[in-house]
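Once you scroll down, you'll see the structures, which are given as structure tokens.
In the two complexes that follow, chain A is the common piece, with chain B as its partner first and chain C second.
Right, the complex of A and B next:
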């Protein structure tokens, strides 16, 4: 797409991201001192539940929301691509019309524009659907179109807000193939997801819980930073530090001591995120109610 | 005992055959996961299983009889949109749900975390808690069969684990559960899985059985970008994971050949496929 720049692994920081930003919506603090770095030729995942602040963070990164404090480092709007969590496509236009509308808005017109649209239709396997009304496409096809529209102008920074939510696993695999192609060509990609298995595919991860950073780093570094030990239990447990996973019970032991009859297990990213949240909730006694 | 059973059930919409001769059963105390790509027919099948839609062919039985108003009273259903009233409190929602089935709502029967928020408007609660309340509402009339459409979408891992504890607790009391999910990592929470593609069942069994012996080639290269482009251009199903790659259901020889042809050096390891990889491979193979 924009052509691989041939840089080495140590030289890939784009310098884009946000530093300790806080965003308020009236009295609500949507983000509280959150930092995120987005590397060139890499996927950075922002993970969290609905309402955790993922959208606000990505909107701040593309300049659509102004933080009350902190710094945002982003390229010019013409070098940024953004797919919002909403539809982001025109349902009453055809696939072709959606693409040419956006191409013209970015000044990609004439023969170059037509070539670019062909290239994108092929990459997203939407060639056969080019004349169809977008409102009649499946969710997976619509998301692929939204992605194609966001990269018409070959942005250096691509920001995707939950591109795979509600998308079936097959379309999700196709979207990830496209994301891989863009990263391989050097695009810096930040994407939000509620799926932990998608976060595991990212080069680095930022986990948000109610507007705050719960964990950040590479998936491996988040897992190796888990405090205490994780145990597999022989039977169900009512212990608040125990939870059920894959048909068996696990328990986090902050001081490392083993519950009776338990065996030590290696945590993965999903375990690490459960433990991080247990640690926060043990500290605050939060009952889950959103602060007004 | 089998609570719900479809036998060779089919459904047409106009000329289109949306469900093609599907057998599906849910027994007492078991959790059955229904998986499929969009358009596979999961929702149509669920609507028939609930007795909301008549089959074009085959039979649906609920509690050994034809679906009726009486069988509806023995079913609990949590749609993806949850069906809660945002402007009512948790207590009001649960009381309304119980009364619709001629029951009384007893706040003391709630888990402590839900009991603590009975006076709070549903609007002011996070999604994870709303989902648990929707479960409590669906369980308020002691249904024997629980049907859940994407029960954990949009919640964080801890809330998801808590939701599955609630689902399993119901199953341990003997409730049969039919759940759809897009979360492949959740497949292992189900006792049994049914995979649908284009209106047909294409695989059944536990997640291990469905993975079968499927293998994935894990690729580590100094330049993952070069390896990715080479494999992608060759049409292999390559996926980026961190800074390494995975190619499910292909031989080491094939991957090696493609990489050599492109002049890319890499280390190849054969590892077991994940359920997600097996599912996508099967779905793509079976897609007409």
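Right, the complex of A and C next:
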């Protein structure tokens, strides 16, 4: 059962990332010995429930908070792009004015700046909205603008804090198209998400639970290392290791034994994340603790 | 209704700064008002000049507080001393041309002298300089210009950073390649431009509507105004950096405005304010702007006589700038500009995720 958690991101840090960092907010330990590697040309997803430490980890990665221990490896601010959960756009400026402000701040000015802004407006399909006040745009358009603002200077490391939360499915798809293109161009991307389907698209995934690493690795490695067996139930269950998903009930069996009338099913990443959390909360893990 | 009141009470109880302000401010205001709200001036600083200065000095009424005697001075030096605000009264002890010169820019001091000397027929009739009719507007309008600018400048800029904090854009600024001083100066520069336009309008309105003279150098006034604006706007930014929301920022801004109105010498003469609260006035930028504006506009004070208020404004500017940059540094660059970073045990993040 032990060792099911993938260890690629923790053990082979390449490019940018954080190494065993601990972050405290006064008496609260927001992150505890967490590592994250963000490879060039790849998307690394950070997943976890609210309060798991996703935002703190990304803020530490971009230098907005300083860890009390551990190491952060990130490029200079001029080569880092960041979309906060905010999402950090100026509602009382137009789309164009927001982009111009950021372009100037990063020294992308003059004709080159204007060209770059045009490029980004086209890529994000915001050309028609360029003169509109950002406060009047839809959530999806604001998120696309935030992404455009974060990449105006062609950063080497792009950090996105839940860029698709609260965004409609069409805008989500557009945002992921842009993220995919950026990764294909060689940008190292770290993003926090609460959507498991987004984590499945990432090259590697870090799962956080209450500030500690729950699992990490490629989506496949996390799924293939699930301990025990997963069963589909014919009826609702009150078993603490059972949960409801897409109208049907599933139950994790740590020792592989089948509940009565259950059928064996293959877990996916969402199942793997639920099982990882159940394992910790039920104390059935190797030490009853999350892995570091 | 009770549900609403209970909710309000809970919210209020959590906003400790507002509660503190509601409880403490009335007491503070009462005490400060009580000590500051005095127009009476018992003693008026006086220079006795002329060949008979030493003899005349001993015969002057006790109201005239002699701070210096100059037997070699004539009228010109006496007028110059008043222009420099070295004293409020100059008694010219010249047997041929005896005179009592009074600084009309010190309205309450001059009125007190005129009242006190009215029953002294043995003394020459006081001659009021710079503001011969002792018009209130001549003295008040230059100071009011500063008050208006402090209102506009401090309140407007106090919302600047806190708005970024609330909208989430401060987080964005933190990861952009800005130095704390870039943000400070970038924040105040547009307001500086607007405030300069305001100042010009207010000055011309004062000259035309109230007939306030502008006797001194516009350049000296401009230097004083720029220094004053830097402090006033900087105070707004500083307030903004220590406020969590716009309500707190406005409250803090008002808390800095009230003492400036009461303790700057704008309304109540600083000399008559009890010493226990007068020192607060010396920490406030409006105190020094009032001295500069009245000095330049009414008395045509030369630059070197205004070095102390100019220097104090400069010092306050440096303090406000330094504190703001330190606060910005905490918000904007907790982990430096980039590269590889180890831990810093001395520095712990405090902002919530």
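FYI, the second predicted complex is superposed on the first by the 268 of 292 C-alpha atoms of A that agree within 3 Å, B and C clash if a C-alpha of one lies under 4 Å from a C-alpha of the other, contacts with A are read in each partner's own complex, and residues count from 1 in each chain.
We adopt the following convention: contacts are C-beta pairs under 8 Å (C-beta built on N, C-alpha and C of every residue); 3 or more make two chains touch, one makes a residue touch a chain.
As the structure is a prediction and not an experimental result, all values here were calculated from the model.
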Chain B and chain C placed together on chain A: clash or fit? fit
Let me test your reading of the model: by the given contact rule, A:158 touches which partner, first (chain B), second (chain C), both or neither? neither
Q.
Between chain B and chain C, whom does A:241 touch in the aligned arrangement: first, second, both, or neither?
A. neither
Max touched-residue count on chain A (chain B vs chain C) belongs to chain B
Note to self: Looking at A:183, would you say it contacts chain B, chain C, both, or neither? Reply first, second, both or neither.
What the structure shows: first
| task | Identify the partner contact of A:138: answer first if only chain B is touched, second if only chain C is, both if each is, neither if none is. | result | first
- Message: Quick check on the superposed pair: does A:89 touch chain B, chain C, both, or neither? Answer first, second, both or neither.
- Response: second
Review point. Thinking of the overlay built on chain A, is A:69 touched by chain B (first), by chain C (second), by both, or by neither?
Key: second
Would you sort A:102 into first (chain B), second (chain C), both or neither based on which partner it touches?
second
Across the superposed arrangement, the tightest C-alpha approach of chain B to chain C, in Å, is 7
In their shared complex, chain A is touched by residues of chain C numbered 167-169, 171-172, 174-178, 333-345, 347-353
Within their complex, chain B touches chain A through residues 35-40, 113, 116-117, 120, 124-129, 153-159, 161-162, 164-165, 168, 182-185, 188-189, 224-225, 228-229, 232, 237-243, 274, 276, 279-280, 283-284, 287
In their shared complex, chain B is touched by residues of chain A numbered 4, 41-43, 48-52, 138-140, 165-173, 176-177, 179-181, 183-186, 194-197, 200-203, 209-210, 218-220, 243-247, 270, 273-274, 277-278, 287-290, 292
Within the complex, chain C is touched by chain A residues 21-26, 30, 53, 55-56, 59-60, 62-80, 82, 84-91, 102, 105-107, 149
